[in-house]
Each structure stands twice: as C-alpha cells, then as structure tokens.
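Residue numbering begins at 1 within each chain, and the chains themselves are lettered A, B, C, D and E in the order written.
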Amino acid sequence: AEFLITSITELTGSLASQGVPLSRGMKLAADEINASGYLGEDKIKLVQLDNGSDRGQAALLVNQANASGSIAIIGTATGYVSHSIAPLANELKVPLMGMVYSVDLLKPGPYSVKITSSDDSHTISLARYVTDVAKPKRCLIIYANDNPGFIAQYKTFREYAEKQGIEFIGEEAVSLQDTDFSALATKITALAPDCLHISMTAPGGANLITQALQAGMDPATQIFAGAGFANQQLMKVGGAAVENVVVSADFVPGGVNEEGKKFSTDYEAAFESPAENWSAVGYAQMKLIAYGLKQAGSSATREMLLDAIRNVKDVPTILGAKGVMSITDRLPEYDAAIIKVKDGNFVNAQ
Amino acid sequence: MIAQQILNGVITGSIYALFALGFTLVFSVHRVLNLAHGGVFMVSALFAYYLVTSGVSIWVAAVAAALAGGVVSGLIEIVALRRLRRFPPHVMEFAALITTLGADIVIINIGHKLTDAQTVRFPFGTFPNVFFNLLGLRISFLQIAVLLTVGAMLLFLMYYLYRTPVGLKLRAVASSEKAARLMGVNPDAVYLQTFFISGVMAGIAGVLIALSFNSISAHMGEPYMLKAFVIIVLGGLGSIPGCVMAAIFFGVAQTLCVVYLPPGAPDIILYSLLFLVLLVKPSGLMGSAAAISIVGRRA
Amino acid sequence: MLKVENLVAGYSGIRALRGVSIDVAGGEFVAVIGANGAGKSTLLNAISGIIRPTSGTVALDGHQLEGKPAHVIARSGLLQVPEGRQILPDLTVHENLRLGALARHGRTPDFDIEGILKLFPRLEERLKQPAGTMSGGEQQMLAIGRALMGAPKVLLLDEPSLGLSPLMADHVFSALVQLHSRGLSILLIEQNVHRALEVTQRGYVIDQGQVVHQGASADLATDDSLIQHYLGQEPATA
Amino acid sequence: MNYFSQYLPLADIFLLALGFAFSQQVVLRAGVFSVATAGFASLGAYCSAILVTTYGWPAPAAIAASLLFGTAAGWCLSLPLARLRGIYQAIATLAFVQVVIAVMLFATSITGGGLGINSIPKSVGTGTLLAAAIITGYVMFAMQRSGIGRAFDAIQQEETVAAVLGVSIRRYHALAFTISGAIAGLFGGLQSLNTYTLTPSSFSFTFVIMVLGYIVVGGRRSAWGPVVGVAFLTLLPELSRGLAEYRPIVTGIVMIAVMIFLPLGLADTFILSLKRRKRQGNLVEGGTHVRSAS
Amino acid sequence: MSALRLEGVSKSFGGLRAVSDITLSTPVGKITGLIGPNGAGKTTVINLITGTLSLTDGRVCLGDSDLTTAEPDAIARHGISRTFQNIRLLAEATVLDNVMIGFHRHEKASFVSGLLGLGAARRETADIRAKSAELLQRFGLLRYADMPAGNLSYGHQRRVEMARAVATDPKILLLDEPVAGMNDVEAGELGDLYQELAASGIGLLMIEHNVRFVTRMCEHVYVMASGRMISEGRPGAVMQDPKVVAAYLGDKHAQG
C-alpha cells in the first residue's frame, strides 16, 4: 500500500527559516525509508504543502489533507500556527504530528502527537547543567516576548534554577524582529551579570551577544540558551562572540549514533547546508511515523498508527543525547543534548 | 550609563533616519507611501553581501549597492507607479499602496530564495571594528560613519531640493503635475529621479545597517517600515530636517523606555506618546498646517 | 507660425473637438470665442498636448507637434496660460516664476523676473508668499507672468481676464497689446467678447467643437446677431 | 460532500476577512484614513475569548459584548481624532493599534501575554459567520443609498464643501468610527470563537496592510468592493498553490498588475463601466444636442 | 427681518491685515454687490461669514443669531450658502449627486433608518433626487445630470455650484464671481435667475468683476480695497466715486 502523509509547514513567509529545514528533514527520511524497503512492499507518499506562515491557510490545508485521505499530517514548525490547527485535526480525527515544544499541543484531543520532548524536560536538562556544572551567581534573563515557546522556556528555566539557589537579577524582553540591541547591551554591561539565559532565535541572539560584548560586557559571562540557538546560524552571525555558548538541543550536531552521523552527511550532501536542529526533528518525526506504520502493518488506519506510537519504549532515534527515545501517552522523552560552541562548531558539552 | 544610553538612542535614531530619509523624500514629493522601500533596502544589503563575499572591498560594494538600490527603486517607479499617475491623486495614492506592496512581496521573496530563508552577514572584519572612548562614552567607527552619513544625506537633500533647478522641478511636479508639464517639465524624468535617489539612500542605509547589526535577511526591512511611517508623520510631512529630528527623538525615547521600563511596557508608552503628540500638534513636530497630506482626500 | 488643421479630440467617448482648423501667423493676435462648453479649452489643451488629439495636425514653425508630450511642446515655445490658472500652490511666487524660465530651452526671453514685476507690481509684494494663498486675481497675474518667463513663440491664453478687476483686466489687455506690438504671436480665448475683439486682429467663433465663423475681429464685433446666437446658453427651458 | 467540506475553512476565512474589510471601508468612505480596524478587532477578539474561557459566558453573550466593546472603542477614539486628517489620522490610529498589541502582550495575567489564549472552544460556525456578514453587508448597502452615504461621499471628496453645505464633519466622522468599531469588534469576537487560538500578533501591522489591501483591490466605494477584494486576495494564494515557493512572487506580480490596470479596484471599475455604458445609452436615446440655426 | 450683518469684521494672516473693520449688511429679497480690486479681501469676507476662516475681530449675525464663532456646518444650517471662486465640486460624483448633497440640511431621516434602509430613508432619497433634477433643469444642466461634474466645462461647473448652493434653500446666498468665465449673453441668462431668487425672498451677496452686470443686478454695492471699505451706495453713484475709479475701475469704465 501507499501511505499518504501530508506535511504542512512554513515554506514561505516570515517563519520560513524554521519551516524549510524541517520539511527537508522529513523529505530526506521519506526518501530513505522508501529506498531501503523499510516498510516492505509499502511505500510512503509525502506531500509537502506550504501554509505561508498563516493560520488560515494551515487550517484549510488540514481539511484538504484529511479529504485526500492522509494517514497523518506533519506540522507545523511554530506554536502560533500549530496550536490553532490541533483542535481542527482532532475534530477531523486525523493524526497531527507536531514538533512544537509546548505540551499544550496535546490538549485538544488524542489525535495530536509530539516528536520533541516537552519544554520542561528540555529546559530542565539545561537548567540542571547550569546549576550543577556552570554554577553562576547572578543570572539575567532575556526573552522574546512575542513568541509563546520562548516565554514558556524562560519561565521554566527560571523557576527550576531559582529553586536551586541561583540568583536572578532581572528579565528583559525583546522582539523577534529586533536587530538593534544597543540599549539593552549597555544595560547588560552596567548590570554585570555572570550568566545570561537567552530565549530567542539564533541570528537575533548571536547579534545580541555581539552587541553586548561591543558595549563592554565581560567576555567571561556565561551564556545559555534553548533549542532556538541550536543551528549553524548562531556561529554564522555571531562568529567568535558566541564561543562557549551552551545550548540545549534535540540533536547533537554530527549525531550521537550511526544513524545520526549518516543523517548529517546525507543531509549536507542533499541540501548543501549542514544539518541542524529543525532538520533533525523533521527527520526523526518521519522516522517515528514509519516506525508506527511498520508496527501497524500494511492495512494501517489512522487509529492504528496512533496506537502504535502512543506508547513506545527505547526506540532508536537521532534525537537526544543518548539516541533513544520513549513515548508515554504521546509525550516523548529523551535526554536533551547539551551542546557548546567550540572553535566555531557545536560539540557535546557533557 | 544614562549618557551612554542617550548616545545609543541618538545612534538608533540616526539609523531610523538613514532608513526613513529616502522614504520621506518619495512621500513628500510624490505623496506615495512606497511600501517597497524596505525591499529595496534589503536588496542593496544583499547585493553588497554577495560582492563582499566574492572578494570586492566593502567601499566598492557599498557604492555598487547604492546604485543597485537606485536602479531597483527606479524600476519600481516604472513598473508599479508610472501608469497610475494618469489617475486622480486619491485613486493613485491608494492604488500605489498595493502596487508597492506587491513589489515588496516580490523583492522579499526573491531575497528569500537567494538566502534560503537564512540570515547572513558580512564576513567578520569587513568593516574595521574600531572603538573610541570619548569622555567615557563608547562609540564605534561604524556608529560615527552612521552619524556622518545621516548628516551628509540631510545636507544633500536640502541642497538638492532647495538650491538646484532640478529640485525646483521636483517640487513643481509635487505641487501640480499638470502645471509643471505646461512649463516644460517632464514629470516622468522627475519621478524616476526621485525614486532613484530614494533607492540610493535605501541602498546606503541597507549596507550600513547590515554592518551595524550583523544581519541580512529577506525580512530585514519590515521592522523599519513601521518606524519610518511614524517618523515621517512625527517630523511633519515634507519636512526633511523634521524627519531627522523625529527619528532621533524617537530613537532616544525608545532607548530610554527600554532601559527604564519593565519589559513590554516601552511600546505602550512610546505609541501612546506618539498619539498624544499628534493630538497636541496635529501636523507633527515640525510640520506646518499647509503641508498636511491628502492621502485619501482630494487635493 | 502656429497651424492647426482638422484637429479632432475628446474625452473617453465624448468628441469635444470635431475637426478644428486655426492658424496664427507670426506676430498675429488671434481670438477664439464661443459659449460655455463649446470646446475652447479643449482646443488649447489638444494643442498643448495635455490631451492627445485623435487626428489632425498641429505645427509650430513647420514642426509637427501633435501627439508629442506636453512638456516637449512647452519647451518648443508653445506656452499656455491655462484655464483655472494652474499655478503651483506650494511654491512661492518667486519659485513659480523661476520655474517658468525652465521652459526657455535656449530661446532669449523678453522678460526676466524684474520685467514681470514691472508688468505686475502687485506680485512684487508677494514674492515670498506660497502662490496658493494669493487672491484669484493675483494668481492670474502670476500665471501670465510665468508663461512670459518661458520666452514663448506663441502664447496661448485661456480667459486671462477671468477674475481680474476691471482696472487689472485693462492692464492685462494693454500688456497683451504691448507684447503683440513687440512681435509676439498670441492666441487668446476670452469670454469678454467685446474686449477680445477690440484688441485682436482676427477671430474664430467655435460652437459644438467646430469653427462656425471666422474673420477680421472688427467685422465679428459688429455682427450682433451672430454673437447673440452662438454665445448664449440654450434657453433654460429647453 | 467531503469535497465541499474541505473548503469550509476557506469560507470561514473569507467571511471573517469580509467583516474586517467592511469595517475598514466605512471609515475610508467617510474620508477618514483610519487603520484602527485591527485594534477594534483585537479588542473584540480578546473580549469574547476572555469572557468565554475565564468567565464561562455563553458564546452569544460574549459576541454581543464584543460588538458593544468595539462600538464604544470606535466612538471613544473618534473624539480625540476629530482634529486629525489624512496620513496623520492614519498614523494616530496605527499608534492605537500598536498600543493595543502592546497592552495585550503586557497584561499577561488577563490576556496570557505572548502566549495568547489557546483552546478557545469553537462555537461559531460558517452559518453564524454568513449571517453576520450578510447583515453587515445589508447595512453597508442601505447606508450607501441613504443620506449618510451622500454625506460620507461629500466629506471624502471635498471636506470644506461638505461643511459649508451643513454636513457636520465631526458627527459623521464619529459615526464612521463607531460603525467601523462595531463591525470590527463583532468580527473580532466571532474570529476568536471560530479559530481556537488568539495571540496579540493576530492583529498586527500585517493585518492592517492586508485589510487595507482588500478595500483597495476590491474598491473603496461600492459595497461590493470588500466582497470582491476579499475573494480575490483570499483565493489567490489557493489558486496559485501549484507554483510552490514561487507563489508569493506571483501573488505580488498579480497585485501590481491588477492595480495598475484597474486602479479603482475590481468592483468599482466594473460598476463604473456599467454606469458609463448606461450613460452613453442615454445620450443616444436623447440625441446629441445640436443648436438649430434659425 | 433676518438680514445678514457684519460688524467691524477683521482678519489677519500673520502680519497681513487682509480684512479690516468691515461692516455691511445683506437684506433678504435683494441683491447686494461687493466689489473691489484683486486681493482686496472680498473672498476672505465670504470665508469669514461661512466659517471657513475664523475672525480676528468683529461680529457676524444672521437675524437674531450670532454666528461669529459658529462652525461652518452650523452656519450652513442657519441658512447661509455659498459658491467658491475656485470651483469646488465633487469632481467624480455626477452632477446630480453634487446637487443632491445640497439638500443635506433638510434631510430628516435618522441615522438608524439610513443604516437599516427603512422606507423613510428610501422615500427621502427619491424625493431629493426629483427635486435635484428640477433644479438642474432650471440651470439648463439636466442633460449633464449623469456626467461626472469634473468633466464639465468651466462655465458649466460654475452653474453646478450655483445649483448646489440653491439646493440648500438658503436665506442668504453668497456668490463669489458667479459669472466669471461667461460671456454677456450667458451672464444675462443667469442674471434673470438671480432676480427670480431674490424675488422669492433670498438675500444675495455677490462678488463680481463684471461691472455692467453688477450695475444691472444690485440695489446696493459695497466697495473694498486693501481690506477696507472705501465706498458704498447705489451702483450708479458708487461707480462714479473717484476713490472707486482710482482703485478699481480705471478711467475707461467710469461711466456709471
């Protein structure tokens, strides 16, 4: 049989920088699955649609995917869009394989599934690293206040770290569109924290760090960030300024196991740009669906697919620090990778 | 810190002015809100980036980018606006909103394809990274360059508009196209010229801002458009010095708000302030009542 | 000098000119008269290139001008004082005059700004004022002055006395006579029929977009029935 | 059945956008260059969402509250803005929109801040939206044909003239703002009970430009303008889906082409050409006027 | 009698005193003239009466109502109507629509009935349309009714302005150079119309440079120069006043 899977991602519009690698990752996985005969006689047909970074278009595409008989939908790259289509997918009873961090995605009903572990587990891995390994004294939080994911992230981080006795000297909000951080940079320099936790995207964050250093921030200030930072853009934009930045990520660059290593080389060969966090997430999502389909067999239905992946134990994946993942009632768990910039590359920090 | 922050604000404001001057020029002369200005700005930055990465020096690249901005802007005039000018002003002004928006969408998405939706930046060390300490204030060579460029652009525009015959033609066409034609002025040439100059300014701004903030992306013009709107109005329409003053005022106000207010509050204060300024002085800080725009109404 | 033949022009579907032929010899002063809506302004605009004629020819000194853009026609020396004055309201009086000079295109002008101010002293007091805030009559003087600044070969005037006080209208007419005596060719549209026929040499009467009469001004002026007939609005009860 | 139902969300999108477009058109017709529709819509949307999720109000009551809230906001905004004109008015209303966004981001405890409000129960379907759009459309038509429409036209084209003919600019501007606020508040409320989620960025600068786009592309005068403009701009991305990532480029080019050739907008141009044809018909009927030579 | 009266009206633009201490009155049922050289301040006087400009000094009254500080629309609703020297029509609206808006001040249908398209509003619209067509007929414009007003020739646009002003059914009608751009025959036709209007009880105040026309039409003439009133009286007498001849007429016209 041929299983129709529709991806609905931000291929154009303002959120495309996340949507594009994501959809490339899944494409790579789908081709690989079909070529390797992983599903025996069965094949995957991946249709990739663009929601133009717009909620309305995404909702329409969910309906189309449902009408065309897709067994599952993969998407979308951002919480803003994902949250608005999850209720619809549940209403139509079509599995929505989401990749946003917030657990809220699972709330609308049993048909929404996640591939990334929750914010909390991610962020707490990072917070644990901060309290156990880095042990700073005075932390300053900087977050993008116009994105739900980044807000949730910094809150979890602060809550955990504060309990462990880290002192926080303030919170500063920025917007994802900002590029001019001169005021904030001067303020950071004056506040003189020894630790920054930054919740925003890689290019913006790298730029912020560069400007803070130019404004005279102590170069020894330790900098921590969530998965938003986990891609090459960080080094491309930040250069030497982002050395030693510690990031929690789904994917350790280069891979932690054979599959991850192969993914990295294949991806780079196929798309002429290095694999990064989002492409790995897309890839892993597609692989998880294939895993589910294999369990459910040739006559798999949507419900059978869901049943097959609702609870899994220790399946191999390219995500996480250890390369295995378990899922408990649609919520994946794997140890987040804690990585660090060394000589312009990410390396495992642990 | 306060002195440093005010300096930061002045520089931020100058950067807004850098972007807004070309936009204001087109608006004040032709009453067209060129929504593609941000697109032109981005194209120039990207063009300079490709030149620099293929080995051209930043100075040459900047000049080339400025010209490229002028050419793209001129093309926008020819393709998206020229035909519209046959129609009465209130029709033309609204239609121009959409045609320039369309042009912006086209340009941004070409940029999108070229950069693969990623943020790029000039290679490290493209522009000398030198800092000066003036009376305890930190200022970079680049920031000084920004200040000087804004000053130069302001002087150039004032000279060009008020001291040259070309400027006279330009203002004549702005005042009444038909009457200007009857006096032998070719409005097509005048429009093209204005757009070219505006594009050159966007180009210079694009390169300097990309250098300042280490980033070039397809959407880099968008946040500046909103600011540019605010600034031309705050400065009083048609007033070039007003535009620069408003930009700096806005930059300083914004910086101080960011520094002294809790996160999220600055925008509330800043835009409420703008609202109040307009109520107290309905034609902007520097505007005269005579300069009131007529977008949406007949001349 | 100016030769217009069989000019046809109109506005989206409406034919306002239906084949008008007119000529102005070098140094001649010619009047065109007609009722409201007869097509007088349309004629001037078609000559000046403000509207594009559908057929017919316009020649200045033997150079074909029809279909050329308005600014090219203006530069070639055909300058109009348009209906509604069309001064540039945001520019000062001085700037309006300077702008007029841009149409010279190498011709030597009879007037510089001083000369214009001598002709219309009222303008001198207003040099720095935005032209849009001047009184109607002042604007009319400016419009004439501006056209003269451009060293016209043929001056086209669309109701120059409109809105002028009697004294000022006299002034303008005598100025025109004076310009004419210096050798300038003038085509004058005027609703003040008697005045127009007094100062000009020849006249055309147009009606419904066609020339219905032409002849020496003096003859036209004495033909009362003609004037009554072609210059009246149709009866209100029609 | 299945085939049609998959396009149902498109109908929802269309109807919601139509409501906002009507709201935008009212002010433009009255010669007010306001972009406050986004702000009113945001207020209406948050009003309904909060009343339903936090206070458990029934949907119809919440929507009525949104309508009232929008109406009140429109009227209040009209008071200070009476003095402004043209682009100054546009920027003042844009400032209002930015303040609304910023407040929604800031008042985290009430609005959820940047997280927005998720999982709003869906209680507004296509039928309700259709009814709301039809009623609004009817009001727009009726207004067009009444003295209000004439007064708006006069103000929009020549304010001084309108004033010396006895039209109270202040009163009619206030009326336009109020109607605009009412419509936007209503459809904001409907939207939040139709699309599950709400964030401050739902009604941002992009929204402002898009809603203006509907009116300019469709036409600023006729009540068909918004209908045609919204249909065109919401269908265009769907029709060009086959073009993959070149889609936005083509959209941009089509926008330029349409406006360059039909600068009055699709509907207005069409209606004008119909009128023109009728007029020419009349002329032939009546015969061209030729004065008889007696 | 509800005449329009100006008492000591003045207006300055910055340093320029454009109108200075003008006192005049316009009785109903008669045509009053206001003449003077270009830039004398005549149009400014009309702008001051209609509230388009605000007074620096003085009072404007209509009958018992003081209109000195009233808003333009309120003044219009008191029954003062005007035409503009520089024609101001709704250029894209049809001629008929231009006249229909003139009836605004007599509309009675409420906002609500307009918004809901109730019968009252619809009937009123039909009624106004019929009356407007009648007016156009009177001004000889009926065949242009469906044309965009901006497409008319200059003279015809002037007539549309007048029809619109008359549509407001004013007590006082202010005409700023009503026959500018018309020849004597055309002016004569309009003159008859003004006399009819005056006979029907409207007070007309007319600014005009066509001296013959003013002499024929007006019972009383005011003469302004440089913002001041320099003469007033019956046309015949005024036109022979040496001050008027010197400032305004020139010797050529000083026949009376």
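Following the convention adopted for this analysis, a residue touches a chain if its C-beta (ideal position, glycine included) is under 8 Å from a C-beta of that chain, and two chains touch if they have at least 3 such contacts.
Only a predicted model underlies this, so the values are computations on that prediction, with no experimental measurement involved.
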Chains touching both chain A and chain D: B
Length of the shortest touching-chain route, chain B through to chain D: 1
Relative to chain E, chain with the most remote C-alpha centre: A
Chain-chain pair with the highest tally of contacting C-beta pairs: B-D
Chain at maximum distance from chain D, centres defined as averaged CA atoms: C
Centroid spacing, where centroids are CA-atom means, of chain C and chain D in whole angstrom: 47
Length of the line joining the C-alpha centres of chain C and chain E, rounded to whole Å: 28
Distance between chain centroids, defined by C-alpha means - chain A, chain C (Å): 75
Contacts with 2+ other chains: residues of chain B: 109, 112, 264, 298
Numbers and ranges of chain D residues touching at least 2 other chains: 105, 113, 157-158, 245, 248, 289
Junction residues of chain E - those touching two or more other chains: 91-92
Partner chain D, residues of chain B touching it in the complex: 33, 35, 79-80, 83-84, 87, 91-92, 94-95, 97-99, 101-106, 108-110, 112-113, 225-226, 229-230, 233-234, 237, 264-265, 267-268, 271-272, 274-275, 278-279, 282-284, 292-298
Partner chain B, residues of chain A touching it in the complex: 12, 14, 16-17, 20, 145, 171-173, 175, 177-180, 182-184, 186-187, 190, 203, 206-207, 210-211, 214-216, 233, 236-240, 273
Sites on chain A touched by chain D in the complex: 11-13, 49-50, 52, 55-57, 59-60, 62-64, 66-67, 80, 83-84, 86-88, 91, 104, 107-108, 144-148, 150-152
Chain D - residues contacting chain A, complex: 2-3, 5-10, 12-13, 105, 113-116, 118-119, 122, 195-197, 199-202, 234, 237-238, 241, 244-245, 247-248
Chain C residues touching chain B - in the complex, by the definition given at the top: 48-50, 69-72, 74-75, 79-80, 82, 86-91, 95, 98-100, 102-103, 105, 130, 132, 146, 150
